[in-house]
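One chain, chain A, links the two complexes that follow: it is found with chain B in the first and with chain C in the second.
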Partner chain A sequence: MYIRLLLGIMLLSMGVFLSGCNGARESEEVAYIVAIGIDKAEQENMIKVTYQIAKPNVEGNKGEGEKDTVLVSNSAVTITESLNLLNSTTSLVPSMSHVKVLVVGQELAREGLANFWGSLKRYREYRGSMFVLVAKGTARDFLDGNKPSFNISASKYFETMLDSGVEAGYYLRVSFHQFYIRLKSNSAHPYATFVDISDLSGKKEIATPKVTGSKIDGYVAGGIPLQGGNPIQFAGTAIFNGDKMVGTLSTTETRMMAMLLGNFNNGFLSMEDPLAPTKFINVNLRLGSAPEIKVALGDEAPVIDIKILLEGEITNLPSGINYEQESFLPLLEQQVNQVCHQEMANMIHHTQELKSDVVGFGYYIRPEFTNYQDYLQYPWFEEYSRAKVNIIIDTKIRRTGLMIRTYPVR
Partner chain B sequence: MKKSTSSNLITAIKDFLVYQPPAQPTPFVLTETQAEKAENEGKFCPSAAVTEGIRELEFMVNYAKKLDAFMKKSSKELRSKEKHEVVKKIKAEFEMIQTEWKEIKKHTIQNHSIDGMYNNAVISTDINENQNILESIYQLPLNKDVVIRNITISDQPKIKVLVIFMDGLIDKKIINMTLLEPLMFMKNIQENVQGEDFISFVMEECLPSGQASRVGSFKEVQQAINTGDAVVFFDGCGEAVAVETKGYEHRSIGNPTTEQSVRGSQNAFTEVLRVNTALVRTMLHASDLVTEMIPIGARGHSNCAVMYIKSITNEELVEEVKRRINGISTDIITDSGVLEHFIEDFPRNPFPQTLSTERPDRVAIHLSEGRVAIFIDGSPFGHILPVSFFTLMHSSDDFSLNLYYTNMLRLVRWLGALLSLLLPSLYLAISTFHQEAIPTELLLSIAAARAQVPFPTIIEILFMEFSFELIREGGLRIPGILGSTIGIVGALILGQTAVTAKIVSPIMVIVIALTGLASYSIPDYRLASAFRLTRFIFVFLAMAMGLIGVACGFLLFIAMLCSLKSFGMPYLAPLAPKTVNGGDTIFRSSSYHQKRRPDTLNSKDDIRQKKPSRSWLTESSKGGKDHE
Partner chain C sequence: MKKIKCIQKLSKHLPEASLEMSKKKLAQLQLITTQSTEFSEEIGQIIAQLRSVAAPSSEPFIFTSELQENEQLLRVVFRDCSDIEFRIFDAAGKKALLVYLKGMADTSNLERNVLKPLMSYTAQETENTASLLHLLTDMKLVAENVLGAASVTILASAKAAIDAVMTGNALLMIDGLAEVASIAVIKYVKREISAPYNEYALQGSDEAFNEAIMDNIALIRRRTRDTNLKVHIMKIGERTNTAIAVLYVANLVKPGLVEEVERRIGLIKKDKLLDSASIDQYLVDHPWSPFPQTQMTERPDKMLAALYEGRVGIIVDGTPVEILVPCTYNVLMQAPDDYTMAPIIASLIRFSRNAAAFLAVYLPAIYVAVVSYHPGMLPTTMAISIAELRSRTPFPSFLEAIMMEILLELIQEAIIRLPAKLTGAASMIGAFIIGNTVVQAGLINPLLVVVIATTAISSYSMPSYNFSMALRWTRVPMLILASMLGLYGVILGVLAITIHLCSLRSFGESYLGGMFNVDLLADWKDSVVRLPAKLLTRRPKEFGAQDQIRIGDNDGQPRS
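On to the complex of A and B.
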């Protein structure tokens, strides 16, 4: 009687323990890669892949100023081959499951990414949630130049850096999966966060000059006047046409794009005082509701109607004029409307010139077609550059900050 | 001659140098008994029953002699005297001798007891015969615990009386006041009082004792003597009287030690069965609360009390419990846990199928729900049955505290149970198979901590689990108050130094400590140990197959629980199978909302309280109004 039970248990345990999953790997036997950079290699048809590998921070073993990551670069024909080569240079087994960012050099991005994007997507170890960055120079220089000034690790740095993008709307985060979806879409083009290292000299490079009534210029990464701290900058957006990068949007343009995507959480706007143009006014803006976008086919070109509700709070009034009063408030709202309208029109015009529908207006034109086949027939990406754009911006200043009345400084 | 001297010398030197075993007395060796030897050799050996048989034969021979004497006497008298009166007298004597024969016949037809303890012997009318049997049973005069007192009562006629009791189990005062004194000062009895009438006369008129009962067989006599009663034999009576004279030392009622509660009653059961049943009765004053006594054990003769409320409890359940207890044949049971193993449905399963409690209030509550409680002499734990898995996760003061607070505590308890079952296996599975599921920072610090540990994670877990169990078991066995101190110090020092010596990683200490702590959040000690046992299976499954293994194991675990039954009641009721929710499963509802008794118990009366259980809410009060 017991022999059957015993035999059963023996067979079961043998089955489990001998044929069990042998993919187990102790946590200290694995090299955790936190960032991958991809550049064009010097050799023809090869890519240079840079791996940023985290060093487990053993207490007391870390010297002063010592980095907690190691940069390893190798050149290979494909990204998977590069992984094989990496295995030959590190004692630990490289693991991609903790990659936070994928940095692509601008040169390679402009040539096209389609070749290796598929292999990144297909292999299970790469996370769909890693963020995509385009570096103005090379990805290796960017990863090398990254010296987080606060005491946080490289992986934490990328996570918090990309999370905090919503605070100003000057750069947008995009995950690998989102990028991939847009790469395959016939209604929108992909975009990626634009990054660069600055030389910390404090000089500035304006990408898009300020519009009438505004006080702020648009920068792209590398152009922000910066001194001290971590030299790397996240600013602007790299926009793509298909898998090829075609240009960049500046910080102010990126903010308008965020409004159109419905991602705009929060951001200051500095503009001219409508009654005292030498002085400025600061308003903190956020989206009041999701943007209302309608795209119609139109007679000769598609017509895009955009309606955006902004809600604001006054944060600074140096002129001392009582904009808090009901009679003055519309003036202020008018000023915001005018600045945003102009910036948004410029931004859309810029993308039309580059033939890159990064906002994804293509999704909104779909209701115009009776079936999907008809839509496929329609050359949306060509038509987009000719589209007519009507923008209505409605601003409501809801709060006046912590002061209810202004007196001029005497 | 010279040669022999030298050889003598050599022998002397040899004797001096060569090791000689020291002279020792013959050592005592505990060898097998003759019976065992004979059994091993395949021979037949007469057992103790043979001596009983011999006694029986002697008894019969005595009877035959008596019969012979009677016949000779009657024939002589018939010849000599006048017929009428003599025939009457002989007839009476003959009837007496005939009844004696009937008894002997009945007695010889019955199966003989095998242990030589006269379990089937009936009390003889001859007091000397009875004394011989008692001396043989109790190994007198070797055994000093048993006292036999021979007295003579009543002047006309003189009756020989034998009182037997166990010294130490009785109260001497009670024996003197309620037994010896009234018997010795007994008034003369009428001559016509004979046999059975005599016993009832004595019980009615002369024994001022609360409990006195007639006993007819030596089995009953032994049971009475062994539990502290005194037995009185009268010459010429085929029965004896057992008088309650219990008066042994026992532990007084104390506080619960394994089921402490902040609120609720602070009484706990003790080792004496009668005290325990009384404690339940002090909580539950129901007239139809029945306590049935079932003796268990061929040698132990322990009493087992089965308690239930007649008007509520399902009769089939009571019958089944009694049937199972009656079906036990063993020599001795002193602990309720052992009794449980004899009667439960799945004794091989580590999960407890009864609720073991030392709190009378808990027993009372469960009895009122329609469950059965069993107690056994000598054990301070009562067992409540049938129970579900969920009952075991309840604690005694769940209903004394606020509803929401209790439910939060219950949530903590359930999470604790889950942690104690799965935490080490989940840690092992995730840290070796599914590293992507750990936040990068945490993973890096785990890797850093593990970098200098030479063993794989599974060895770390087993090592720490083993040390934890060692501390637990060792701490329990260290005598006296040292236990807890040494346990804590051992745990602290062992944990600290194991980490410093890089034998285990600090995170493993956290995992094991948390698991150990979590296992103590399970209120039932036996349930906690079952969880602790199952945990190791999960660890091995996690080692072999990662999360898949843990998931498969958990599925089997749930299936096992679903198949389990406690005295016919599904273990996971009322969840699987789904029955009417009584309002006290994982979380509890308000006491006044629990209108029905647990559905799965199929009690006779389903309704616990009438529909408006708070009728004062619908009545108007005499006080003022709020807004006045």
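On to the complex of A and C.
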């Protein structure tokens, strides 16, 4: 009994004195990094890493309009080396556990990310949950230009901004983990949210013009006509071939991609009125079920069959034509089908041109092979650009909004 | 100068008057007095020994038919007990003696029912005297024909007679009879039955146990008319001879449980027994565990409910808080109000009570672990705001938490120990310190105050005070573990506490294990949740009641 007690006390005291509190780091001794930006440095073979560090608001220290974060940039050969350099310039210990976004400058993204991506995944301090953004200019300019107009901290801004992407489907969020999986996948290519700062001049820059029957153009970040507020724009998608960025998808294209990925939750579609082409019709669409995608090997080129069910709700009928009636409703549905079909075909064609399978059709062709080795033999990424695509879009207008009947303006 | 001269003169003429001499004489006198007391003690003991030679070894002496001698023997036993009254009187020409404890016996009752009937014969001198004289030849006849008292016992043993006097009975001895009559006239000062001090029930009975064992048993008896409810009174404590009653329902209780309880009570070796808490420590299997392994209650309704679930109640004379065994985590989490409220509300309250028990142990530990080891687990805005709060306080989180714990313990202890009139002031000061000043002084960050206050409130919400004390105790090692090893330490602590609780046994029942025992899953209807009374048709399986069905056609009769 006493031996056990003695042993227990010895073990306990050894635990106390030998283990120590090495891992413990009080929260005020830590600098929380909210965002990391990576750009090409001026020097050869080096990268410029920008850290956005949260500045705890110690009472009375903060003046009006002062930012709650600090931007620190340094140039180094690797990201980990840059972290060492950061440690030499800040008194607090940098902590990666709260990094929300990883911004990559377009120039660097087009050159390829493979060289430094590894340490981001392997070293435990970096979180797979951070989101990947590609900035049109440099990442530093993007982080510097970010001035949330509402009273919201930088970290909260990125969280809510990327969460709210599902509201329109104009940009998709992709976590670093998802990005990394696709980077190493032989069935899909990675993509990232495309961002830019606008000059707030209000002029627009159309990336993909509207298809017949549609009323909306596609933009990419930086091109949205914007005046006032935060100059930051999240719009479109940067698509990659391997670790190199090859191009961008515009907002409308991104929405089609979201439908194909099965995460299109909600979004308005403005179209020409089929009976009065000068007027427009507005419907709110969402995905009715997961997209049905089948890829067959085909005789000379793979054949991709896509079937998508959209459910919608009428939100605006300025023409006054009673599309709520059963006889008119198919017209409306037909119009949606036609617009979406065209947009989707254009979008897939665009990715085929860029040889980037961002939708991940490669996953759907796998059942065609008896074993994985056979699949590995098949040059899917090459074949993808030649693939034939059949799209069937089926739209059901389920609700007519808060009105059941329209009268024209008199 | 003149005075001294005078004294010198006096001592010269009267050498005995000198200070030294008189001191010496006084000392001698004291010595003689003590010696003579000792002699008388010794003589008394020799007499007692001589007497007990004839008596059996367990008896101090045996009664003779000589009243004079009996009185002498009793006076030796009760020497220096000024509260013993020896009342000698004349009953139809025979000497009689009444012995009782002044504070414990009802004198008016004695006058009415003993002295008056016996003495009235002497006064009237009628022919009845003859018949009385005839009656006075046998104590049994006296008890049957003369005494008007409700309860009379004829005793022959001296030990029993002395015990009877010490519990408040009166002894009647009549010259010529070797037997004595013990007349139950117990009446002493005691507290009235009052509302429970610690276990309020909003819609339940307001009666609580008091200090008198017979009253306490009566409180139980009054609530049921069941002859199967058995009361077995034992006497424990070499000197105090405290009465302990073991209560159980004969056709319900798990076979062997009562015997085990009585065996453990019988094994208690103690000179004095002042409260139930001290026998509790003799009953439990693991005296080193902080967790209460017997349930304490001051509510008779709670005890009766427990008895009808097949448990055993122990009532200790002199304590208003009585014991229920076996005791498990489940029963400690049940409050009488659970059964008066709507079942769906009671279920929610049960749930929050369990959550509170968890918070009371682990919350400060989780706080310290997360803040100093794993800030990445927090939402970013919270991590940053904690950093903001923490930047104004100089100590590490662990020290802050320990300081706050000490402060809390001090305030709690002060409020319990202070006289009732001062507790208001103490809690005010406490509230000021915790609520405001500690934060303003930059000692402790406001979030920690929230954490510790939540913990304290959680531990107050336990229905059992002993259990909440146990939670208070476990909090400190948990804090140390968390500060040393972070969440890993917290998980180690959770494991250690869970294993300890599951291995604890209270009279054979697992303390916590019953909750997770698949066989006892049916008990969840009155542990995790509380089902409507109609559905609670079976007694808890855990306590192994002989008759599992609570409501049936056999109406409490044993099943054949």
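Keep this in mind: the second predicted complex is superposed on the first by the 397 of 410 C-alpha atoms of A that agree within 3 Å, B and C clash if a C-alpha of one lies under 4 Å from a C-alpha of the other, contacts with A are read in each partner's own complex, and residues count from 1 in each chain.
Going forward, contacts are C-beta pairs under 8 Å (C-beta built on N, C-alpha and C of every residue); 3 or more make two chains touch, one makes a residue touch a chain.
If you're wondering where the values come from, they're calculated on a predicted model, not measured in any experiment.
When both complexes are superposed on chain A, chain B and chain C occupy overlapping space and clash. In the superposition on chain A, A:364 contacts neither chain B nor chain C. Of the two partner chains placed by superposition, A:194 touches none, neither chain B nor chain C. In the superposed model, A:100 makes contact with both chain B and chain C.
Contact with neither chain B nor chain C is seen for A:264 once the two complexes are overlaid on the shared chain. For the contact definition in use here, the residues of chain A common to its chain B contact set and its chain C contact set are 16, 20-21, 23-28, 30, 32, 34, 54, 56-59, 95, 97-98, 100, 127, 153, 155-156.
Put simply, chain B touches chain A in their complex at residues 431-433, 435-436, 440-441, 443-448, 450-453, 456-457, 540-541, 543-546, 548-549. Chain A meets chain C in the complex at residues 15-16, 19-21, 23-28, 30, 32, 34, 54, 56-59, 95, 97-98, 100, 127, 153, 155-156, 159.
The residues of chain A lying in touch with chain B in their complex are 16-17, 20-21, 23-28, 30, 32, 34, 54, 56-59, 95, 97-98, 100, 125, 127, 153, 155-156.
If you check the complex, the residues on chain C that touch chain A are 371-376, 380-381, 383-388, 390-392, 396-398, 480, 483-486.
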